[in-house]
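Next come two complexes, and both contain chain A; in the first it sits with chain B, in the second with chain C.
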Partner chain A sequence: MPLRRPVDRWLLFFAVMLMAIGMVWVYSASWVRGASGGGGAATAFLVRQLIAGMLGLVLMLLLTQLDVAALQENIRPLQIAYGGLMVLLIAVLIIGPKVNGAHRWIRLGPFGSIQPSEIFKPLAVLMAAAWMVRNREAWNDGFGSLPKLVQLFLIFIPPMGLILLQPDLGTAFLIIFVVMLIVFLGGAPRWIFAVTMPILGLVGFLFIWMTPWRWARIIAFLDPWADPQGKGHQAIQSLLAVGSGGLLGVGPGQGQQKYFYLPEAHTDFIYAVIGEEAGLVGTVTVLALFMGILWRGYRIARRSTDSYLRLVAMGLTLLLVVQALMNMSVVLSLAPNKGIPLPFISFGPNSLITSLICLGLLMSISKDASA
Partner chain B sequence: MDPRDRRLLTGRLGAFQAAAVGMVCVLLAVYAWLQLVRHGDFQQLALSQAVKERNVPAPRGIVYDRNGHRLVDNRKALHLVIAEEDLPRDPAVVEALAAALGLDAEPLKRKIHTWRQGSKGRSLVLMENLDEAGIALAERVRSRFPFLGVDMAPRRVYLGDELAGHLLGYVGEVDDVLMKKEPGLYQLGEIVGKDGFERASNERLKGQDGAKKVLVDQLGREVAVSGQAPAKAGRSLYLTLDAGLQRTIQEAFGEEKGAAVVLDLRDGGVLALYSSPSYDSNIFLNRLSQEMVDRYIRHPSKPMVNRVTQGIYAPGSTWKLLMAIAGLEKGVIRPETVIYCAGRKNYYGRDFRCDKPEGHGGLSLVGAIAQSCDVYFYEVASRMDIDDIYATAEKYGLTVPTGIDLPFEKTSRVPSRDWKWKARKEKWYAGETISVGIGQGAVGLTPLGLARFYALLGTKGKLLTPHLFWGFRNEATNLVEPAPTPPMKDTGLDPRIWSYLDQGLAQVVENGTAATNPFVRQIAKEIPFSGKTGTAQVATFVDKSHYARQAKELKDHAWFAGYAPRDNPQIAFVFIAENAGFGSTSAAPMAAKAVKYWCVDRLQDPLPPPGGKIPDRFKPAEKPEEGL
Partner chain C sequence: MALTPTSSSPRRLLGRPEARDLATSRLPWLMGVILLWGAAIFTRLIWLQVVQHRKYQVQSEQQHTITVPVPPIRGEIRDRRGEALAISLKAESLFATPRFFYPDFRKDKGERAWGNPNKKLAQDVASQLAPILELPKGVVADRLLKKSPFVYLERQLPASKVAAIKELISKAEEEEEEDKPNGFKALAFLDESRRVYPRGSLASQIIGFVNVDGQGQLGIEQTSEQLLAGRKGEFVAAKDARNRLRLLREQYTQVPVNGSTLQLTIDSTIQHIVEESLEEAVRLSRPATAYAVVVDPNTGEILAMAGTPRFDPNQLLPRKFRYRGEGDLSPAERDELRRELDRQRAARKVHPVEDAYEPGSTMKIFTAAIALEERKVHLGERIDCMGGRWVYNAKQNAITDTHHHGVLTFEEILWQSSNVGAAKMGIRLDPATHFQYLHKFGFGEPTGLNFPGETQGRLPIPAEWSVPTQYTLSYGYGLNASPLQVLMAGCAIANGGKLMRPILVSRIYNDKGSLLKEAKPEVRFTVMSEETSALMRESLKGVVSQGTAKKAKLDGGVEAFGKTGTSRKIINGKYDPKRHFASFMGFFPAEAPQYAILVMLDDPAGDADGGSVAAPVFKRIGDAILRYRQGGGDAERGADLKLSLRDWPVGETDEAVVHIQEGRVPSLRGLSLKAAIQRIVMAGGVPRVEGHPEGLGAAQVKAQSPEPEADLKPGGVVIIRMGAP
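Let's turn to the complex of A and B:
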């Protein structure tokens, strides 16, 4: 029986800080939209986010009691979850409403909606880590490792395909990226990456190049000022928001960019609103909090005695942090916009709950550190 | 745990650490650069796009008549507009919009183009003064063209229908011609006076537009107002006009064409100025329908011409007073000089006929004026050179515009050798001078110019400047703050000469040409007044017995000019009724009605105000209309 430690309180602290900041700016960025929406309440979005936060915290506390290590031996729960999410991912395409040209949610009436692709993220980490650990013998076997990797690839093809069909390139990209990191950290031979990376890159490029609106986004990303009113609009408005913030910002709630200039001000571009209203201090604080999560996650992974838990801990940490860095890059126009929310902060009940699930799993792992 | 495993993980994690740190450094650097170094630029950019400056149109001043009756007021109006940042670029969109609104596409395209050049926060108005049907149309069209907006702005309302159309004029959006004529003075889309007093006193009436800074969302909707410089309403003002007198004259004219003007002899203030047919200024606030264009602009009766200031008519016998002055001053006649009228007289081989075929017999000056004897004034003219007549006319202010504060005033035409040479490249023939002697031939006067001359007779020689602007309204007391009276010039008319003219004019009404009309006689019994009839020939007829059967358009214009009351005159007036025959039968009765109103009715029973309300002069100040 391994030694037990108390849960990582720092991790919890960083996450709660991020959530608190998130609540402030979800309100700041959404009150006009909320007030002018159907319900008419300025707090409409905030309330939904708060409810999701409560629900997520409960889930998180439950998950801290979960024995994650057991999942490497008994993969039945993972298989069930995988099967269930596949059903949901198919259901999204069929019964999910089309919002902004994509099917992402399944409406549950008064209970909000669920976004299966979001919930799939932590499952992908658990699955990939389990696969890497269960087949660890194969990784030192040169070409013998190839069938195992192909099998892993095949496991991920159906859900990725369904997510791309929604279409949700950003989430698919994020999941593939994190899975590949787990594969890398799990000990897969380096030459695999030397071969697969260019292939994946080419496939990705073709995929984007063949869909005109995705291509247009890339073009807009490369030169937003070429079409400031049209395709470059988001990028420019985001830069304007961040740039006009200065060192200390214009003050919470005082920003102007969020009023219909900044698209998705309360979700994908909430970091830009923070940049405008809280300035460099705000952007750096949020960045620092994510670095804190990276630090604690890395520490949990390092101190864990179990290979599986290490991989899961690293995978979950990276899932949160990579997502955050991608979002921040988009806000800065360093990366094309792919609709990735900022974990813990962006409005989105599904995203928040998923982030808290990741956090619960990480905290569960943090208790196990026998070395 | 496999130690090899451990090493592997740690080693590969190290690579990660480096990548993460690198990424964070990049992000930090970019954020710091954006938020510290480029902060200023971005802030400027963000502000300039989010905050739009919008023009807040100021209401123009309200116009009152001299008794405080409202003539022009302001109301709120809705306009269908496009804000400057929403101007559509796609020609197909513009065409569809024009089709939906029933406008012409090409002018709209040009207008959108001009607006893009520099509208300075002023929205482009597509449809003005929306009525209920217009609002319904606007709402329908807006669902297809979301960039359309509806603005509330003050609009003009002219009270009293056609009471004072020519005098007040109307307002409208400043046009290209005016913009080019006085660059820098007007702004695109500004509402300016286009005609009448509105135009002449544009600077007095116009307010100072305000500006507001509004936060505009991507769809151009105003989200919040962040700063405001309130619009300053134009000052309200009083005209010298008497709306009751104006109405009396309007009613006197009825359907007759013609013109009338009444001047205040104290200062030259215009008490009434009516051009018939008149128009309702309100019609010109909106885009005219074809029907309206036909009715107002293309109609043969020329309702848009202000006949008082722009109509040039042969003065006929009203001109004889100037001839009398010229003759007396030149010394070719004396007041008591008797000239014999046999009904006609031959000059330069041509017979010039008198109005009275059997002749007036021997008449001195006073009698010649009273009986309007043509032969007397042929003789006076024949004893002078045309340039002498011109010099006299010049001395008494008939050769220049009167300087009234109305636009497009025409100058009366008094012939001279010089004039004829310039105009027709011909020399002057002495025979022409004879016709000028009775106000025919080349001589043509505006009714206003003639009125000024009769005001000169009424004031014993003062050359007044007719004017409509009396003074601004004191907002605290509601009383007029009289503006300085425009210049008056003493012409130095010999009082002895004047007294003969005065006598003549009095006799015209007492027992002369005007006394043939019973109505005039009756009024003159009550309020003695002085005046002169006149008949301006439109066509020459050999046989006047057919006169009654002639087509209306070929009938002569009838004049009556004079002043009242006879002793201590207060007003001078000129009436001309087009194609109405003799001055005594049509113009003189109208003048008599005006005189009666001014001297009697006005004091006993003033007309109810034309649609406005009389301000109580003892009431505390009214609040100026807000938001108008």
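Let's turn to the complex of A and C:
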């Protein structure tokens, strides 16, 4: 048995801090909505988030015991998980109820619901990393690397297609982005990116341009004040929330924007509520905690001597941090709205559990001085 | 790591360029990009939360707060014993923002571009609202689509309808979906106060009414608008995005001041007596209009002032005509509407102060009093009345009497109302002195009542007098005056020679019930001596006992005195011998008059004179007042109004919302007056309070008709009788 280190306690600390902040603001941002929804209680959202947190922590603890390195040679578990998620991604289109115009959840009666696209995120990291490491010889082979990359591309086409069908552009974009970073870190030749980036960019542009409401989101991002009551509403309300918070904020629970001014205050725009109620202190704290996760993730990757573990660690870290930065960018009107939750903080049991799965895997790698 | 024997370590030992090393070299580069991204977010946070913080704070404040106007409650109008004649209840009006139904609405540089309306949405809202508002669906839809920033759907709704509409609004909100507009968002309520006149048409001409915007339109409501209206308040409240108030941070930027309560000198019971008597007189003598004023001669307080026809300020326009344009009405309905409007226009004229007439024979008492005061005549002096025809100047028309009197005493001239006799007394006076006295009697001068539309009459100055002027002035022609002026002048004879200023508003209380102002009796002029006044009183008793006004003799041996008046009306610039103002001005009890009454019948049917048509009305009023006084009424003047103000608790009226069902008579026994009225109004009825002469204090409802739980048609009258608890 190789030497084992203790788990990365800083990583755990940062994540638990974020979760704690999340619980406070899920309640603050959702109680108005919870209390005014049909017969709901003010704590309705908080209770669901707390249960998910418990479940997630249990899963995380279990995953810290997993031997991640084993997955690079024995890819059967990944294949099984891939197959299972494909079934769920198909099922969600068929039996998932349409909520806000998208099929995202499979209802499990009293046990809540499953969001397959969320669970697919860590799997995508594990798969991409495994692929990159297994085919490492190909990457120095000039054009010889092309078939391998095309194969990887083909593996990701079905799940990505299904996620886009839901439609859930934000998650699909995030997964593609992180997978490309893994491919980049995994050693793929630079010219590949010189070719694929423009192509993907064009495809993405066409995809957005051909769907009127997505195009409208872009327009609204560029000039929210053109239609302050309609398309620009969300962006403006988010800026108002963040800007009115000032240095110290108006105080936890004292925010006004959650009174239905700010859409999705407890999910995608919870960072705005934090900005309003906790001010610059709150927003910078959250940003710093994510940077802390980046720092610990980077450290774990650097200290790992195994290529696969290194790629997985970096991939999972990027998955969490890039997602957080994207969410913040949307809230601060630095990027168009994509519908991405803030990891550990936004309300969403599936999102929270997925984030804790990533954390569990990272911690498992951190213990492993192996290699 | 048992499963991975061929992991990276051996390869690294071989020193071959491996992917891992590439990862190592690319990683810092990637980290740099991510850190830059984080730095960008940090910079953005500083920009938004520090640099631009003020701007966003102001915007957010504007968005989250709303300035809520708090309309003041209009002051009340009470009679001299504290009985409510006009009160205000809280009412809500429903309005809409039509812009909501115009999806393409744009406001460019102040120009409004409306675009095409979303008709379906408006009609959907209208079809749900119409049954509650009891209006045709088309009317509601038209109003919703009116190209105006603000449109009333219905003013001053009863509480049950408000509740039903609020339920519709919240239901629509719950069912709201994205990309599907909720038309009910265009609706909102506005607090207003609703004026109720508990005694209906009683004293309506004096009190006036308010228009739908709450502004006084006639009478006291108009003259005392400033006092009654109060001052609007405002507070700033937090609201949510659905425009619901969150009254956590309520703070008044302007504290509302409710209107003052006015206490009138009017006595409701006497007013009622007068109005009934006038109705009776109209039935008997069919004049164009009949009116009367009752004054306390010692103080100038107006106890009653009424005229026919009357109107009910609670129901100015019959419901069937509301919200319908001229075009929607059938010809028959249009006629009906026009008649109704004409009738109301006539009813709103306050004849006793607005009409100027030539006083005729009534004037003789002033001529006599002046001559007596100036020692130009003495009691019992015999004056030749020339057989009822006196040609005093060949070029002028002769002065004639209706009867051919020979020589009459001073008293007999008054009793028989001889024009010749009066003229002979009048010309004994120096014209300047004559004028001075008439001026002191108040002729040609405003009375000081300041009632809207009041006339000051006309008295020519001596320089304008022609040959016959002094003759005709002596028996009441050649000048004109309002009935109130004549009555006030008469009071000067009755009260010992003092011309009083008429008073209608005796006290003004602020909304807390403390007294702001009290009108004290005010002597405008001392016209004559006490002695002359006493002699005149004595002389004029004969008018009632043996002269032209025998029909004015009161029951129970109460002596009265007074003078009839029958003056010809000028029709097309000429005196019409067939058309008269028939009046009687009388005072009782004769020894120390407490009531001065002037009754006027304008153009009674037939060849009727004041003695035959007006004197009986005086008697009817006088007898009824005496009965009322014997029954113990009045007595404690100025009952504790502060107490009765406190007697109307807000809680009692608020609680009513829960219990009242529209279309059903509510149970009212034991409630205070205001609470009872509020409930009747909420149930859709019209309250009518029967007089309660035992005074107010903490009165409560003793009896009601119809009984509780009976069906109540909209506008149905519910009579309540008040009494001591």
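By definition in this document, the second predicted complex is superposed on the first by the 367 of 371 C-alpha atoms of A that agree within 3 Å, B and C clash if a C-alpha of one lies under 4 Å from a C-alpha of the other, contacts with A are read in each partner's own complex, and residues count from 1 in each chain.
In this text, a contact is a pair of C-beta atoms (placed from the backbone, for glycine too) under 8 Å apart; a residue touches a chain by one contact, two chains touch by 3 or more.
Keep in mind that this is a model prediction, so the values were computed, not measured.
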{"item": "Fit or clash between chain C and chain B when superposed on chain A", "value": "clash"}
{"item": "First, second, both or neither for A:M132, with chain B first and chain C second", "value": "second"}
{"item": "A:D67 touches, of chain B and chain C: first, second, both or neither?", "value": "second"}
{"item": "Per-residue contact with chain A, leading partner among chain C and chain B", "value": "C"}
{"item": "Chain B versus chain C as contact partner of A:N100, first or second or both or neither", "value": "second"}
{"item": "Touching partner for A:L334 - first (chain B), second (chain C), both, neither", "value": "both"}
{"item": "Which of chain B and chain C A:G170 touches, first, second, both or neither", "value": "neither"}
{"item": "First, second, both or neither for A:G53, with chain B first and chain C second", "value": "neither"}
{"item": "Superposition clash, chain B versus chain C, among 202-210, 418-426 or 544-552", "value": "202-210"}
{"item": "Set intersection of chain A contacts, chain C complex versus chain B complex", "value": "32, 136, 181, 184-185, 187, 239-247, 256-257, 259-261, 275, 279-280, 283-284, 287, 291, 294, 298, 301-302, 305-307, 310-311, 314, 318, 321, 325, 328-329, 332, 334"}
{"item": "Footprint of chain A on chain C - complex, ascending", "value": "1, 3-4, 6-9, 12, 17-20, 22-23, 26-27, 30-31, 34-35, 37-38, 40-42, 44-46, 48-50, 52-53, 55-57, 59-61, 63-64, 174, 178, 238-242, 246"}
{"item": "Touch list for chain A against partner chain C, complex", "value": "2, 32, 38, 67, 69-70, 72-74, 100-101, 132-133, 136, 139-140, 181, 184-187, 239-247, 256-257, 259-261, 275, 279-280, 283-284, 287, 290-291, 294, 298, 301-302, 305-308, 310-311, 314, 318, 321-322, 325, 328-329, 332, 334, 370-371"}
{"item": "Complex contacts: residues of chain A adjacent to chain B", "value": "32, 136, 181, 184-185, 187, 239-247, 256-257, 259-261, 275-276, 279-280, 283-284, 287, 291, 294, 298, 301-302, 305-307, 310-311, 314, 318, 321, 325, 328-329, 332, 334"}
{"item": "Chain A partner contacts - residues on chain B that touch it in the complex", "value": "1-2, 5, 8-10, 12-13, 16-17, 20, 23-24, 26-28, 30-32, 34-36, 38-39, 41-43, 45-47, 49-51, 215, 217-219, 221, 223-224"}
